[in-house]
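Some notes on the structure that comes next.
Should a chain be cited, it is by its letter among A, B, C and D, assigned in written order, with residues numbered from 1 in that chain.
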Amino acid sequence: MVTNLLKEVHPADIMVVTIANLLENEEKVFHGVSSQLPMVAILLAKATHAKDLTYLNIPGGVNPQSLQLSSYSSAGYEVYANAEAIFPLEEVFDLSMRGELDVAFLSGVQFDVHGNVNASVIGSYTNPKVRLPGGAGSAVLIPTVKRALIWRSKHDPRTFVEQVDFVTTKGNIDRIITPLAVFKYQDERLQLESISPLTSIEEVVRQTGFEINTDHITVLPLPTSEEMRIIQQIDKKGVRYKEF
Amino acid sequence: MVTNLLKEVHPADIMVVTIANLLENEEKVFHGVSSQLPMVAILLAKATHAKDLTYLNIPGGVNPQSLQLSSYSSAGYEVYANAEAIFPLEEVFDLSMRGELDVAFLSGVQFDVHGNVNASVIGSYTNPKVRLPGGAGSAVLIPTVKRALIWRSKHDPRTFVEQVDFVTTKGNIDRIITPLAVFKYQDERLQLESISPLTSIEEVVRQTGFEINTDHITVLPLPTSEEMRIIQQIDKKGVRYKEF
Amino acid sequence: MKKIISCSKAIATILDGSYLAIGGNVLHRAPMALIREIARQKKRNLKLVKTAGAHDIDVLVRAKCVASVDAGFISYETEYGLATYYRKAVESGEIKANEHACYTVISALNAAKIGVPFMPCRGIMISDLVEANDYFEKIMDPFSDEEITVIKAIKPDVAIIHVNACDEDGNAIIEGPNFEDVLMSRASKRIILSTEKIISKAQVRLNPEKIVIPSFLVESVVVSPRGCAPGSLPGKYEVEDTVIRNFLEKKDDMMFEEYLEAYRIQDQGKGGVFAW
Amino acid sequence: MKKIISCSKAIATILDGSYLAIGGNVLHRAPMALIREIARQKKRNLKLVKTAGAHDIDVLVRAKCVASVDAGFISYETEYGLATYYRKAVESGEIKANEHACYTVISALNAAKIGVPFMPCRGIMISDLVEANDYFEKIMDPFSDEEITVIKAIKPDVAIIHVNACDEDGNAIIEGPNFEDVLMSRASKRIILSTEKIISKAQVRLNPEKIVIPSFLVESVVVSPRGCAPGSLPGKYEVEDTVIRNFLEKKDDMMFEEYLEAYRIQDQGKGGVFAW
């Protein structure tokens, strides 16, 4: 590992590559609003090892071509235009409900070791300290999609807690990807699977509010120059950095 | 009344005019399969007193223009082409379910004095003597549409019975129109309202299997020459006679 | 993953006893080439589902492929009268008629589409059909404590649907009325399409709004020009009147074999694979 | 029965306390001209419903028009962050957040669309939302005796929807994504459309498949060029970045009045009737 190189690498790029590598060819993959990072990852996967992946989104454009990514929206016209078919949001939900959606990208504000997700409130539900935007599709998608991939640009003890304030949903979480680490949900627990080359196990432990087992942890690879070339081509404006 | 004229009048034409006169402007009106006669009546109404009637059908063409009527189908391309919008069958049902469909044309094989409709079987349901085609939309439309108009090209004691063999449906029947007469459903009974000028009260009584009150019966008018001119223009091939 | 296969191969994947959804409505856009191939391959105990069927149901019943039919209406329209073979088979107890209102078939398919066990439905409550059939139940609405009828989901194993055009992956265009075909494509586990023609992927991208069945739902594609004959393809070709009349009037088995044989080359293409 | 009326007249028909469905999704194709007129007319106690809202909800909350919001997600997207006014109003108890999954909003509207009191839904069962809210209930599926969650119907009194074009009777075309607008047009008792432009009936007949809302469902039509601004009309115009930033940053009431005033002529047209 070259220290100079490390300084130039943005955590978002590592997340994009990590997420892309979690997607398989021929999978049907959906993301919702405020999802610029998964959007770039999906396009990277389609440009590399998962050409036949079906890319679904809120406006309903199936596999839209030659996207001009937008920084303020991941549900705009750009993912509708130049599509090969229109398959709108309601239909994507239906697909998940009937067990045929392979991957959905979702987020949340609090996660606990049991795989519970909170996107509703901080504090009490009826008298909240903070009203969050809401889980959007999460409460029906996470329990019904084959694999829910959660990403979150913050990794701190307020995000990864022992017990969430409110269970907006739980279910088929596959992995949670953050700037510091990847958790895998296995044996009914969130387990640390790998860490970013930009961090240390100590930092991950310190920034996580529940106890983690640090055995058998791998370090994520740095993006290759070829991967970076494709990412930059896909996301010329750098919308993937907007959450940071 | 001129006897010569009467000989030239076909019962279907009287039925068409009678049905057309039951339709009001701005009503939303639907017919299904095997419904050539209501189809001609709807077009007659739209061409005369009910220009703003909305005409709905199975293929989903809203207010199709310049129809070439077909003798073998009332659910073909002709009622889809040259429409002003597409509003398919499922949506028409939804419209009725939520109480917004004004008129639906339906039929059946047996009707009794209580307004019950049978389109299912003659004989026992599990071991039928005759298996009928089925009620199509009747079992959900007749109870939910504002006014169900029933037409039937046969009027005999096997059609109008004291008690139907099976209640496929009942509900918001407004009128039943036959070659001999019009029944109105009122005070929870089918009541004879008017008879065709081609028949007599005696014949109607003889051909009806339940008791009817013959007070206050009117005689339907003959189609005017203007009505006949428009009907012939609408239905050049005479598809309205096909059921007879 | 080549999806374009021969009619024979596509139909060979349908197992005896399958729940089969059939596209089209009465005499319009029924996938008759696929239907006849099912008859030729002598599939047995199929459970058919359709809102309003006619010749398609009658052919499969005549070929003794059918165990039950879930439908709101089975009959030719005015001109040709009743579906003779279907009617006789129900009356003799050979097949079971699961009578629906057309809309309750839609409800049952919608339930499968959204992955729930039933769909509530108004209207049907006032019908002897509810008592007579175990796919209708009355339950209490927990919000109002009023009774409502619910329709049991129907999740077909296979849907067979005829389309005007699709690309090699199955991105499909239906011109004219869709009837319940799009719904069936969502409700069913597998989809076999027959198509008048194959179009390029570039043509698909020109009008993505016209793609009513996206490729990721489609298992296989059979190229079947005039695949709805002797029924109609709305806007493209009309009913073959004489064929239907003969089918209804000439009831001996020999005539039925001749009917199947007359369409064999058209249905299967030369050597079993249509040369497109 | 002239349906084209002024923005002011159309909005004047909306009663305080109405259940209001709002078309569009996050910053896209929200009917902002109609929204602002609701704010100007100081409607009160509106119950809003939308899958995913942003500026539209925030404006109505800021204008104190709102009693409750049924939605799956209320936030601007990444670039602009949270819906500040909405969030504060919920936290202070001024308005009630009826939290849904986006799909359960769709379920609730679908129930209204088909005239039933509820819609079954998978997935949501594993959520504290079910216990916390009286519009979710668990019932037994009578066919399998397994539990299923049902979502209470939401039947809006009025839907306000912005379209790309319609004829004088309201036969409407939406270009680009429809989001839940077509569903809302079926679920709601009344529909008020705003439209970029009026097209002739002849233009409508050229492409009946493009008419996603037929005229017989529409009560009134307001001509509103750039009616989604400062939000986007997908494919036509983009977000007005500065307006949104100012709205979110400058929190005093004076600034809000200026915001409403700045759009008044565009929204209402000259003399209250847009000269089209």
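Quick notes
The rule is short, and it goes like this: a residue touches a chain if its C-beta (ideal position, glycine included) is under 8 Å from a C-beta of that chain, and two chains touch if they have at least 3 such contacts.
For clarity, every value in this text was computed on a predicted model and none was experimentally measured.
Once the centre of each chain is set as its mean CA position, chain A and chain B turn out to be 58 Å apart.
Averaged C-alpha coordinates put the centre of chain B at 40 Å from the centre of chain D. Chain B and chain C have CA centres that are 28 Å apart.
Multi-chain contact residues of chain A (touching two or more other chains) are listed as 61, 86, 93, 97, 144. Across the assembly, chain C contributes residues 114-116, 121-122 that each touch 2 or more other chains. If touching chains are joined by edges, the resulting network of the protein chains shown has some other shape, matching none of path, cycle, star or complete graph. All chain pairs that count as touching, in label order, are A-C, A-D, B-C, B-D, C-D. Within the complex, the chain C residues that touch chain A are 1, 112-116, 171, 186, 201, 204-205, 208-209, 211, 214-216. Residues of chain D touching chain A in their complex: 25-28, 51-52, 71-80, 82-83, 86-87, 90-91, 93, 97, 99-104, 106, 121-129, 132, 176-180, 183, 232, 234-235, 239, 241.
Within the complex formed with chain C, the residues of chain B that make contact are 32-34, 36, 58-61, 71-77, 80-81, 86, 88-90, 93, 96-97, 120, 125-131, 133-144, 166-171, 239, 242-243. Chain D meets chain C in the complex at residues 111, 114-122, 135, 137, 139-144, 146, 148, 150, 152. By the touch criterion given at the top, residues 26, 28, 52, 54, 61-62, 65, 82-87, 91, 94, 97-99, 144 of chain B touch chain D in their complex.
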